[in-house]
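Worksheet: one structure, shown below.
Should a chain be cited, it is by its letter among A, B, C, D, E and F, assigned in written order, with residues numbered from 1 in that chain.
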């Protein structure tokens, strides 16, 4: 049970309904998932967060699937159960195979390991790695 | 200054030299970077970590650049200065543009944000997101 | 099921009972919550932790509710389910509204986002932000 | 040195300049700080992040200083040097005393401690703490 | 339910079976635990991870129990429920008492607290603590 | 430069001096390190934190060196530069060799890796690992 109740469409005001309608139309789903229903207790955060997800996750310099894979990597690093499930579902809708998921998590695990070796030994950054702006 | 001294090639034993030779040959570099020189104080960890990096980061179900982008996302999440610099350098060698870096960090930032909204509100995972294995 | 069993008042020794009595008296509750019952396996840690909670969370330069809001922000950042629930309950007893909870989590989410943008880009601290002590 | 160069006003396009102008006007400062100058490499993220900071950090159910204190607590938890400095500076402008800073960090430290006791022992959430929605 | 199904011995290919056989023989157990069954979806990661656990956790400069205690401390810090349970079980098989577990978590909690005080105040490292290599 | 100035002995009040005296006497050092000098801005936190370090880090069910190793592992996991340096120094005074440090960090790195595999795949805890209290 979340800390605040879920706001269903029938109980929502016009600002929340507008966000729900946009989510349902763009994702072609019959109802929004729990994350949005809980955020709807704070309509400004609901609207801002949805618009950020909508605008950041579209294809740009990176394709949409690559962005979902990054989301999975961060969610695994932070131990967010909800986000691991929801973004795995999103990534699968965009074509992520089991093998791709396994590679995302293998890289995530490796990076978490070497991050601690570098931080634990306090390794100094090589001069050659530092950006040079003329 | 790292917690242990850097082991230069001239001072290294055969097990460490073999790893350094493999890194230099595969990466076409004249010398290995500081991370490996510090790890060389523990030859078994040096060898195991290098082999993991070498084998995990090759193209598979994901291409090598996508794997570097995931590494950057995890390193930003964990606040690893060394890894942010070294993997940005690696990713650039594989073609990462400024725009791609910016999108990696925009997704990373967004995921860190929504991870805390989901965890902070303790949102329950939708039944529809849970995997169904017959 | 926690890793160690809960110690109930009837089964506790005098050092643990003294802590339980202090918690119950100050919080006006009939029984202590699970956190303390598990910590009671280690009476010294129970006593030290309770005294720290008791002494740090009282009004000082900050009022008690502000301190509970900070606790919620940290617990959301670290993904501590137990602490999110227990400190939301504490904060509500001290007057936290749904709108206040929503704002705590909106700020927490934003800070987690910009922390990663600053760390991910390795932005240098402005000289003007560094404290100047004559 | 950040991973991308700082974009100064003189070198910025109109979208970036509009954000800089808004920051300078609202904060009454002669120039924007480094965080924004690096984010300006990605004008969409610059604009979105600034608008989120601007709109989330205003007084609402919580006053502006309380929000800055929460920001400091999260930044200390995540080890973000830049954000610790920049938000301490912001909080001081809004009246934070040394004693208030000390209390923020004392609560932050305590929460980080008890988060690990609760997570480390896997303490079960008390039924009484779980929200009840009729 | 994990994101990928568990691979039972009867359904596993020869590479996975070889790992399972090694785990069962060394640990003297009738079946491997869930972690390995899920990793088995990615045989290369299964093999690499098992060999790392096997080779790193043996007695060396540190005894095997001390290594398990460190594992518990890290898992509590990261909030990994699975690892807290599995490594507590491992540590108990190697002689960890309730009192030892309590001390591991008391130190872990203290370190998480002082890490945030040091990072939150941005305390500068004393010159005397920096390693001196001639 | 830390966020608050260092309080030197000559400028300290009696409560702070009493803590400094206790640190210097027990550690046989001529002056306290920066961490305490910054904490001294908040005498109550200084006293509480020192007493916790003093009382938790003494030999008990675990010896003092093992406790320092756990501190190093947590500090590496959290990326606390100050604590990595100060507790490496402490551990060396108690006999930690380079080989022991290397093993601490190898275990820490491995645990950070498998924590993310377990959390990333959302592996379910085996029934056999759950404690059974009659």
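Assume a residue touches a chain if its C-beta (ideal position, glycine included) is under 8 Å from a C-beta of that chain, and two chains touch if they have at least 3 such contacts.
These numbers come from a predicted model, not from an experiment.
Novice: With chain centres defined as mean CA positions, report which chain is farthest from chain C.
Specialist: The most remote chain is B.
Novice: Taking B-C as the reference interface, which entry in C-F, E-F or A-F shares over half of its contact pairs by residue number?
Specialist: Repeat of the B-C interface: A-F.
Novice: Greatest Cα-centroid separation from chain E: which chain?
Specialist: D
Novice: Same or different for chain D and chain F, where same means more than half of the interface numbers show up on both copies?
Specialist: Mostly different residues: under half of the interface numbers shared.
Novice: Rounded to the nearest whole Å, what is the centre-to-centre distance of chain B and chain D, using the mean of the C-alpha atoms as each centre?
Specialist: It comes to 27 Å between the two C-alpha centres.
Novice: If you average the Cα atoms of chain D and of chain E to get two centres, how far apart are those centres in Å?
Specialist: Spacing between the chain centres: roughly 33 Å.
Novice: Whole-Å distance, chain A centre to chain D centre, using C-alpha means?
Specialist: 20
Novice: If a residue has to touch 2 or more other chains to count, which residues of chain C qualify?
Specialist: In chain C, residues 1-4, 44-45, 49, 52, 75, 77-81, 84-85, 88, 99, 102-106, 108-110, 112-115, 117, 119-122, 130 touch at least two other chains, as defined above.
Novice: Chain D touches which residues of chain C in the complex?
Specialist: Those in contact with chain D are residues 1-4, 33-35, 38-39, 45, 49, 52-53, 56-57, 60-62, 66-67, 69-71, 73-75, 77-83, 85-89, 97, 99-100, 102-104, 106-108, 110-115, 117-126, 128-130.
Novice: Chain A touches which residues of chain C in the complex?
Specialist: 79, 84-85, 88, 98-99, 101-103, 105-106, 109
Novice: Show which residues of chain C lie in contact with chain F when the two form their complex.
Specialist: 1-5, 44, 48, 52, 55, 130-131, 133
Novice: Going by the contact rule set out above, which residues of chain A touch chain F in the complex?
Specialist: 72, 75-77, 79, 81, 84-85, 104-105, 108-110, 112-117, 119-122
Novice: What part of chain D is in contact with chain B in the complex they form?
Specialist: Residue list for chain D touching chain B: 3-4, 41-42, 44-45, 49, 78-80.
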